[in-house]
Structures are given as structure tokens and as C-alpha cells.
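Here come two complexes built around chain A, the first alongside chain B, the second alongside chain C.
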Partner chain A sequence: MLGFVLKRLLQAIPVLLITSLLIFVGMRLSPGDPAAMLAGNDASAETIAAVRSRLGLDQSYATQYLKWLGALLTGDLGRSMVSGLPVSRIVGERIAPTLELATGGLVASLLLGGVLGTLAGLQPNSLLDRMVSAVAALGLAAPMFWTGMLLVAVFGVALKWLPPAGRVPFSQGLGAALASLAMPVATLAIANAPVIMRFLRDSIQETRRADYVRAAHAKGLSKTVVARDYIVRNSLIPTVTAAGILLGNLIGGAALVEIVFSWPGMGSLLVSAMGNRDYSVIQAVLLIAVFGFVFANLIVDLLYGLLNPRIRHADQH
Partner chain B sequence: MPTSTERTSRGRRGFVIAVVFLLIACGLALLAPVLPFAPYTKMTTARLMPPSFNAWFGTDQFGRDIFVRTLWGLQVSLVIAGAAVLTSLAIGVPLGLVAAYFGRWSDSLIMRGLDALLAFPSLLLAIGVAAIIGPGAVSATIALGIVGVPQMARIARGAALAEQQGLYVDAARVVGVGPLGIMASHLMPNILAPVVVQATLYFAIAILTEAGLSFIGLGVQVPRPSLGAMLSDSRAYTVSAPWYALAPGLTITAVVLALNSAADGLRARLDPQR
Partner chain C sequence: MFSKPAIGGALVIAALFGATLPQAVQAQAVQAQAVSAQAVPAKDAAKDLILAQGADPLGFNPTRFSAPNTSYLHQLYDTLVEIGPDGQPQPALAESWERSPDGLSVTFKLRPAKFHSGRPLTAQDVVYSVRYHLDPANAANLLARLSAVKGVEALDDRTVKLTLSSLAPGLYDLLSALFILDEKAVANIAQQDAGSGPFVLKSWTPGVSYTMERFADHWSNDKTKPDRITVRIVPDDAAGAALLQTRAVDVLYTAGPLALAQLKDAAGTKIERIKRAPRTHYLALNTSRPPLDNKLVRQAISHALNRDMITSVVYNDFASPSCQPWAESHWAYAPAVDTLCGYDLEKAKRLMKESGVGPFTMTVNTSTDSYAPGSVDTAQILKEDLAALGITLNIATYEPAKARELILNANFDMLLHNYIEGGNDPQFIIPSAIYGPTKGRTKFTSPAFEAIVDKAGKTLDLNERKAIYADISKLIADEAFMLPFAHEFRPIPMADGVKNFAMDGSGFSLLQQVEVAR
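So, the complex of A and B:
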């Protein structure tokens, strides 16, 4: 198992290096001169040059990239090109809200998708199965930010049950924090639970036809026992791969959901940094998102290996 | 419990409904310039009016007809998403074919490179690319085109790997057909089925992602209407004009739903084993 973990960790390194290079080059190719923006509208050429050299933007790309990478390893994300504040501080304030949102979205999607997928899978072509499938198809088709807007219009504005926008930190009371989290999390879950639901449903329907399930029935085991111990348990394994897809959707989707709910996370930070051409902040947010995504996929991979020894062993050959 | 024939006919009916709906929606959207509707920029004093006979889905904050703007917005979505699908096909399929045919280091190089792209959550990748090139229809197309490449290449590679085992490929090689000829005239036609299904699915994803991009202002720019920007505008009028968001949101949902059903139907037709 340790070898499997180490191998997966080593495989992640080149991906992280290439993505960091892509992000760096991409940001340097962007239109607009951050030095000119920072220096102001009526700045002279000398002032702009001074700002450029202060930011290190007059050095070669290779030097800039290596410096940036070296600083990254020490946790230094540079300074915002707009406010001059350390990027690690700006980003640091935004990580917790986004993690809250993404974790809530993940848990809600797994629960909702898990329950509906199991019910639909165990009763193929029943009314319930068809209803669940139809709802899942709708959830996958509706743009996430629109679903969020509809929830705001109904529960925030018309019924006034929940705050229409903004985040209440957990330090200011559990109830208020959960109330502010409810709609953004529901929005993520409506769009993402269908992914889990479909995987699980198909997986269960396939497992139902397996020989060992027929053998279990033939032995005279009760339907409940067969469903619980034979079908659902074995169907959960392939569903873990769906969690990988889910994580990408959640990280990207969180950006839009944060805008809809004025949630002070990384997504809204990215969009505002984009407006200011704040390269160092954009770079940092993209990098953290990619690292988070790669890391999360690594965990999914490891979990998969842990649940399914066949994968772990096949990998060693 | 429905019989399998009933199920098939229900699936076929869904497929036909989806395709007919897509044809009508695309027809209306693409023909919007020649249809006898008011121009999408026409402003009136009837601001934020609820749906009525004159404006089927109401009017926006400048008194413009939301139905007309939705049609034009859908046109933009379809053109951008369609061009993005073609871009991802044009780059992804040859990459997948080359990776599968030559194998070894070219396979590793191509697939590891694409893995790096897959390491970006797709919306963030699109946002990043759109940020680099600057907002607009062209950059949204390029961004979505690039986002679609890795998956397209994987599908093409997987199908080509399986097809390469076929005797006809050996036969072609024996009679002296070169790598390019084998890839273009022998492998290509035989991997079309999964590629077409993936292209249809990606069309739906591209429409959703384009809506997301224009929602945060990185899509097509004013005065051209886009569905995402209309939804973004409508947020200021949730209380005074709650119907504002309905037409653009429903349009995206319906088109994406129809594309997904069409992809399912195509898969069932083109690949009966699955």
C-alpha cells in the first residue's frame, strides 16, 4: 500500500510543475500592463519603469518563473499588484469560506445522490426510478448560477426564510452560519448530486445481474440482506470515481455560486482580481485550485485503491 | 413493469422529441436576424414589463423585448459552443489518433500533456484562458475549445486503440498504406460513433460553460445579448421583475437537456452493445 501511495504522489509532481508553468506563462501573455495600471493613468514612462522593476517584471520570464516557484516552496505567494498586500494574506482570508462551501456541497451531493441513486437502482424502471432520473437530468441541465438565483428569489426574497446573500462565519453562531450556508450548498448539490446518483444507479443495476447476487438469492437470503450486503456495498466502489468528477465541478462551480450569493471566497476573489488584472492574485488562486483539485483526486485514487484491492495490486505489475 | 420494447420505444420517443426541439430552437435562434421581430437593441419606455402579448417574456430594464434578446442570446451560445466543439474535435481527434497509432513516447507525451490540462477544473481553465486573451466571443470560443480537447483526445485514443487490433488495419499496412492514410481513411471512420456522442455531450457542456463565462462578464460583450449576461443583469430586479430570469434560464436548461437526451439516444443507436 505504501508503494502505491508513493507512486501516486510522485505522479502528481510533473502535473503540478506543468500546470504551474502553464499558469505562469498564461498570466504573462495576458493583455494589459500591470505596471502601467499600478502606476496610474497619468504616470510617466520612468515611473512605470520603476514600478516594473520593483515588481521584478523587467527580468526574463525564466528568472521570474524560477523566483516565483522558489518563493512558492517557502509559502510566499508574492504581493498583490494592486493593493500591495501579501497575496498569502488576501488568499488566506478566502480559503475557509470556499472550503466551507465545497465541503458542504460535497457532503450534500453525496447524501442526496447516494440515497436517490440507491432507491432508483434497486427498483429499475419503477415510477420512482423514472422520476429520480428525470429530476437528475434537469439538475444536470440547469445552469448552476440560475438555480441559485431561483432559490434566492423564492426562499430569500419571496418567502424570506433564508438570508438572500452573504456569509455568516461559524464564530457568530451556528444557526445563522448554517442558514447562510443553506442555499449555496443546496445550489451545488442540485447540480452535482445527479452525477453521483447516475453512477450509483447504473452501478447497482449492473451489480444486480452479477452471478454472486443470484447465488445469494438462491441461498435463500432475504431481499434486504442481499440488497444491503451484496448489491449496494459492491456498487459503491465504482461510484468513488464519480467523486473525482464531482470535485472538479464543485471547485469550478463554487466560483459561480460565490458570485450569486456574494460569498467571500476564492471564486469571487478570482473574478475581482480578473477585473483588476492582479496577476499575482490570479496566479495564486488558480494554482491553489489546481493543487487542491490534484490533491483531492489523489485522495479519491487512494481511497479507490483502499476499497478495491484489485486496483492496488494490478498497479504493481 | 414495462417490457423492453416499451422501454425502447419510450427512449426513441425521447430522442425524437429532443431532436425536433433542438431543430426548432436552433432554427429560431439562427434565423432571428431574418424573422419579423424587433431588433434586440430596440429600447422602449415599457421597462421591466411582465409577460404580455406584445412581449412574451416581458421586457428588461431598458424596455427591450426579453424573448427577442433570448433568441439572439441563444444564437450566440450555439455559435460559440458549436465552434468550440469543432475546435476541440480538430485538435483532440488527431492528437488521440497519433497517440494511439504511434504509442510509446508520443503517446506518453501527448497524454501527459493533456493530463495537465485535465488538472484544471474546466470552468477555471476557461476563465483562465478567457482572461489571457481578453473577454469576448472569440476568446470564449478558444477557451471552450481548449477545455474540450483532453476528453476528446481520450475518447479518440481509446477507440483507435481498440480499432487498431482489427485485421483491416494490418491489411492496409501490408498493402503499403502509410500512417497518415491509415489514421485518416481507416481508423477515423471507425471511431466516429464514440466521437460523435462525445461531441454532442460536449456541446451541452460548452453551452453551460459559455453561460457561466458570460455570467461573470467574460463572454460576448454588450450590446450583443448573451444568456449568461442577461441572467447576470436580471439579478438586480429579482424583486421588481422576477420573470426576467425565466426565459434565458429556461432556454439554457431546455437546450442542454435536449442535447444530453440526444447524446443518450445517439449512444444507444451507434453503439448498441453498451
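So, the complex of A and C:
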């Protein structure tokens, strides 16, 4: 298994290299000049050129890329072109809130989607199944910003049960931290749980028709045992795939949710850095997001082995 | 059998993550130490003032006037003079000054003052600060307007002399935006202020908030009302409104249309209109692109621009219609000029006919609300009216970075944009790239315009200047290359108990005397 992990990590290196090049080129080709933005509305061409030179943007793309890559390999993410702060500090301060939100969103989505998907899958075409499908369709259709605003209006402003925006770190008190996390996580869960639910429901319904499930019933095993050991467990693999994609997305930053709730994570950082054309920050955030996807895929592959002994054994052979 | 390798794999991943981002991880450790700063600030202190604004400051360099920086400029930094509500200069760091008989030099006497670092502020620091602004490498946003400053020298520790190449009638307005820097602290200006203002920066957590505390050694400390000012970063308009409604913040410093609509009748809140720093919305016509080189066509467009409707529909009556560069409250405002640009489609059609220009197609550049509020909606109204003149208007909407690039390169047929310096001396905007007269983005030039702008720069007599600027306004309305159409009085939502919130002529907040009743 260790060999498998190492192999996957080695495979990630070219992915990250190619991605870094794409990110770099993409930024340089996008409209907007960071030097002009910094110099202000009335800046002369000379002033803009001086700023461009100070930022190193007057060098060839190849030189800029190689310098950035070289620094990256030594762990130096550079400095923000706009504020001058080290990018490692800016990004570092956003990682914990994003991981907090991603973990909360994933757990809540899995719990909600898992429970509803299982119930709906085990009772196809029942009233419960129809109700769950309807609720799921609503959750999928509702834009996240709208759900977030609705929650803020009800629980933040009208009822005053929860803070309307902002993040309280766990070190400042568990209750306050959970209260600040509740609505952003709920917004993510309402949007993402239906995906998990639909995957799981369909997968369970398909597994229920499998020969080995019929054989288990024929052997006289109880419905609970068949459902738990034969149906649900074998239905989890597609769900794990969906969860992996979801985790990757969340690590990349649930930008809309972060903005609606003033959550200081990577997504909102990316949006503001894009607005300012802060190349160094954008490049760092995107690269970390790509790493997040690679990492999530690796976790998914490991979970496949845990859930399905055949995959585990095939890997060992 | 499976679990151990899985754990090992997880450890390897963790190690790789750590190796890839060692600085990020270190930063998290630093964050853990400074965690108290990251908390949403407690609001229990009686003299706390809490603002919400949409974006992080771009560091603490006071030579950058980007909108998110305007909440700290006058709080963390001092200037030589301040401009009073009457538009006249008042003492600040300079307790007195004297202009030479020829008007080409001004000698300032400094009051005793200290930087936040504890170092005494001297005339040498003023010299350093002026030179810092003049160095193109520092890209000070004021640089383009400092062309009249020929030299600066310290005569002694408390006396500084500024030499000018022309009379520079707007000099004091310029100096009210030229913030004095502590040379010894400038190296760290990205994350710590280098000023001497009434407040000192205590903490900053990007994306969350920054906090300023009263500077006990400030020369005007007895005037300072808040003990602490916290600026929370709240990117979403509706979230900002919700925070104000629940009184988690006292002032919503950046309020978009959504927040204004939400707060219009909200209990416990009010919306103040700051008249001193209007945002002037304009339609610029690129006179180098035919048929906009035809004065009659431009005049026709001016009369087809429905200023009253735009003011009412787009800016919700938070603005006043106008066709001159400054608002009614400004000393240079000339009432007669506003009668020259009334909405009159019949007259516009006649002018088009006179011009001999047939139907044509043009594009108007607009931008998103964060950069050019209301420009898209204004363009829609304009499109309907121009269609009656045979002008087909295409509307192009750009995000801020691209929009700015096109503006700087004067790459547009028509442009809907705005400026916020209209509360300052007219010298702030007329000779600039906004209006010309020689390097303006509309490419409009005329000997008469150049001559009259030149004349305006050669007198300090206020009455004479009023007459000259009335003529300039009239010329701008007549030539119709720049069509100012609305002065929007910036709406600032705040809690009922907030008093004395103010801004200077450039739209920089003045928070020193704000009082908050809980």
C-alpha cells in the first residue's frame, strides 16, 4: 500500500508541473495589468513601467516562470504584488478556515446524503423515496448564495440565533466557533448532500437487484444483515467517488459560500486576488487547489481498497 | 493488514503537503499565536467603533488610494494641512504657513509631533515623504498631480519649504492627501503603518479584520473620540447589511444597491449621504473616433442623456443631476451651467440633422458595479434614447481590471465611468486625464480650452477663480466631450447611534470624531 501511495504521489509531480505552467500562462494571458492597477488611474506610462519593472513583470514569461518555479521548489511562494505581504502568510492564514469549512461541509453532506440516500434506496418508490427525491431536487436547484442569504435572513437577522457572518476560531470557544460554522456548513450541505444522496440511492437500488443479494436473502439472512453487509457496503464505491470530487472542490474553496458568510478562506481570497490581478497569490491558491484535488483522489483510491477487498488484493498482486 | 499501510500513506501525504508548503504551515503556527486577532471582535467596549467594508486594505501604504485603503488613511497618517468643510486649508501637522509674495514657495512651521514608532517627526521626514511621493518607482497615486512641486527642503527641524514651478492653486488639497511617512518604518509598510496619525495599527488578519487603537501621543489626542476602530472585511453586500441590522457593526462603509435596499427602512439604522465627497458619474466621448469628432453629434448625445431619469432610477435619488464637473455644494459650482444640458430629444434630433451625420453604431464601455456603479443600467437607458437619434449603441461590460486597462489606454468609443475627487479644488480634476485639456482620455483639444485652463492655474484669487471655472464648466457643457450627469452623494448606512461620520473631498473617511451611542 505504501508503494501505491508513493507511486500516486510521484504521478502527481508532472500533474502539478503542467498545472503550474497552465496557471502561469493563463494568468499572463488574461486581461488586466497589475502594474496599471497599482499605479492608479492617473499614472503616466513611465510610472506604470517603473511598477512593472519593480514587480519583475517586464521580464520574459520564461524567466518569470522559471524564477517562480525555482522559488516554489524551495518553499518560497513569493510576495503579494498588491500588498507586499509574503504569500505564504496570506495563504497560510486561509488554509485553516477552508479546511474547517470543507471538513464540516463534507461531513454534513455525507451524513445527510448518506442517511437519506440509504433510506430512499432501500425503499424504492415509497412515499419516503419520493419525498427525499423532491427535497434533493430542491437542494440541487437552489443556488448556494440564495440558500445562504435565506439562512442569514431567518437565523441571523430575524431570529438572531446565529451570527450572520464571520468566523470564530475554535480556540475562542467551541460554542461560538460552531455557531459561526453552522450556517456556512448547512449551506454547503443543502447543495451537496443531494449529490451524495442521488449517487447512493441509485447505487443501492442497482445493488439490490444483484445475484449475490438474492442469494443472501435465499440463505435466510435477516433483512438488516443483507442491507448492511451486502447492499449498502457494496453501494458505497460510487458514493466515495462523488465524495472525493466534492472534497476536492471544497478544498479549492467554496468561494460563494465564503463570500456570502465573510468566511476568510481560500475561495474568497482567490476572488479578491483575481480582482486585483495579484498573480503571485492567484498562482499559489490555484496550485494548492490542484494539490487538494490530487490529495482527495488519493484518499478516494485508498477508500476503494478499504471498501472492496478485490481492489485491495488486485493492488497487492 | 490494510490499516498500517494506509496510515503510512497518510503520513507520507502529510509529509509531502508539509514539504510543499512549509511556509504556509509556519504561517499557520504564527496564526495560532495571534489567534485572538482573528476572532470576530468583541463589541463590549463603550468607545469601540466597528466598520464593515467589502475588501482587504492593500497593505498600509498611504500613497495608494484604492477604495479599501480609504478607511485608514486619515486615521493612521497625518498630513501637513487639512481641508475644512468650507474648502479652506486648516492646520494639521503644520501649525502655520506662509506663502512667498510671488506665490511660488510656501514655508510650513511644524508642530511637535511623534510617529507611532515613538520617533519625533521633523522637517526631514516631510522632505522624505514628499520625495517618496515624487519617485515614480513608488507609484504614488498622487504623483501625476504633483507636477508643480519643484523642490522641498528642511530649513530646520520644524520648518520646511516647498518650492513650486507654478502657482498651483489646488496645492493645499494636494497636501491634504500627501501623507507623512516615517522613513525608518517604511520598509515594513505592507503590514504595519508608518504614520503619526491619531490611531495606530494594532493588528491585521487579512480577510478578517484590522484594528486601530487611539495613539496617546497624537497632537490632537483630545479630539479623538473612539478608543478603538475595527474594520471587518465583509465581501458580501447582504451580509454587511445583516451585520448592521444585528448591530455586529456600527457602520457599513461600502454599501452596494442590495444593502441599501435591505436597509432602507430597517429599524435601528439610518443612511447618511456624504455630500462633501460626491461620486461624479460621466459619459466620456472619444473625440478621435468619428463621428464623435463632430461637436453637433456630441451635443445631440448630451441632450439625449436623460440625467433626471438616471439619477432617479439608477441611483435611487441618492444623487443630483448635473452637467458640470462639481456638485452644487462646491464653491466652483455655477448654477447657470446646469441649464445648458436639459433632456430634450427634439433638440437632439435637430442637432443630429444639422450635423449631417446619418445613422451609426457605437459601443459604450461599462463595468461591474464594484468599479463603475450603475454604469450598465445607465447604458440601457441611454441606448433607448440614442436609438431615437439613429444611433445604435452596443453595451460592453468589463470586469474592473480590463475596464481600467481600456480607460488608461483611452480605448473606447464612449465610456461610462466616475471619479470621486470632485469635492476637492477643481485643479485636482480639470488638468488631469479625466478632462484634459492636452492629454485627456477623450482626446479633446482646443486652444480655447487650453488657454482657459492655463488661466485658471495662474491666480489664487477665489472670486476670479470662481468666474474662470464657471467659464470652464460652460465650455465643457458646450463642447460636450465629457458629459458629467450625476453627482452621487455617497450613502453610508450606519446605526442610529453613530454621529459625526465624515469624509474629505477625496472620499477618505474621517473617523477621529465619530461617536457611537450604544
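Note that in this section the second predicted complex is superposed on the first by the 280 of 317 C-alpha atoms of A that agree within 3 Å, B and C clash if a C-alpha of one lies under 4 Å from a C-alpha of the other, contacts with A are read in each partner's own complex, and residues count from 1 in each chain.
To be clear about the criterion, contacts are C-beta pairs under 8 Å (C-beta built on N, C-alpha and C of every residue); 3 or more make two chains touch, one makes a residue touch a chain.
All values derive from a computational prediction rather than experimental measurement.
Engineer: Just chain B (first), just chain C (second), both, or neither: which does A:Ala142 touch?
Structural biologist: A:Ala142 contacts chain B only, not chain C.
Engineer: Answer with first, second, both or neither: which of chain B and chain C does A:Ile259 touch in the superposed model?
Structural biologist: After superposing on A, A:Ile259 lies in contact with both chain B and chain C.
Engineer: Would you sort A:Ala153 into first (chain B), second (chain C), both or neither based on which partner it touches?
Structural biologist: After superposing on A, A:Ala153 lies in contact with both chain B and chain C.
Engineer: Identify the partner contact of A:Met27: answer first if only chain B is touched, second if only chain C is, both if each is, neither if none is.
Structural biologist: first
Engineer: With both complexes superposed on chain A, which partner does A:Tyr61 reach: first (chain B), second (chain C), both or neither?
Structural biologist: In the superposition, A:Tyr61 contacts neither chain B nor chain C.
Engineer: So, A:Ile282: does it touch chain B (first), chain C (second), both, or neither?
Structural biologist: first
Engineer: Please indicate which partner A:Val271 is in contact with in the superposed arrangement: first for chain B, second for chain C, both, or neither.
Structural biologist: A:Val271 contacts both chain B and chain C.
Engineer: Classify the contacts of A:Phe293 with the two partner chains as first (chain B alone), second (chain C alone), both, or neither.
Structural biologist: So A:Phe293 only meets chain B here.
Engineer: Which partner, chain B or chain C, is in contact with more residues of chain A?
Structural biologist: Partner touching more chain A residues in the overlay: C.
Engineer: Touch check for A:Tyr212: first (chain B), second (chain C), both, or neither?
Structural biologist: In the superposed model, A:Tyr212 contacts neither chain B nor chain C.
Engineer: Once the two structures are superposed, pull the chain A residues common to the chain B and chain C interfaces.
Structural biologist: In chain A, positions 31, 149, 152-153, 157, 164, 259-260, 271, 275 sit in both the chain B and chain C interfaces.
Engineer: Spell out the residues on chain C that touch chain A in their complex, using ranges where they run on.
Structural biologist: Of all residues in chain C, those touching chain A are 2, 5-6, 8-9, 12-13, 16-17, 19-28, 30-32, 35-36, 38-40, 55-59, 61, 64-65, 136-137, 139, 141, 143-145, 189-191, 205-208, 232-236, 238-240, 242-243, 245-246, 248, 370, 398-402, 404-405, 407-408, 419, 432-434.
Engineer: Sort out for me which residues of chain A touch chain C in the complex.
Structural biologist: My answer: residues 1-2, 4-6, 9, 31-33, 36-44, 46-48, 50-51, 54, 75-77, 79-80, 82-86, 88-96, 149, 152-153, 156-157, 160, 163-169, 171-172, 180, 259-262, 264-265, 268-269, 271-272, 275-277, 288, 291, 295, 298, 302, 305-306, 312.
Engineer: For the complex, which residues does chain B have touching chain A?
Structural biologist: 1-2, 7, 112-113, 115-117, 119-124, 127-129, 131-134, 204, 208, 211-212, 215-218, 228, 231, 234-235, 238-239, 242, 245, 248-249, 252-254, 256-257, 260-261
Engineer: Which part of chain A faces chain B closely enough to touch in the complex?
Structural biologist: It comes out as residues 14-16, 18-19, 22-23, 26-27, 29-31, 125, 137-138, 140-146, 149-150, 152-153, 157-158, 164, 248-249, 251-253, 255-256, 259-260, 270-271, 274-275, 282, 286, 289-290, 293-294.
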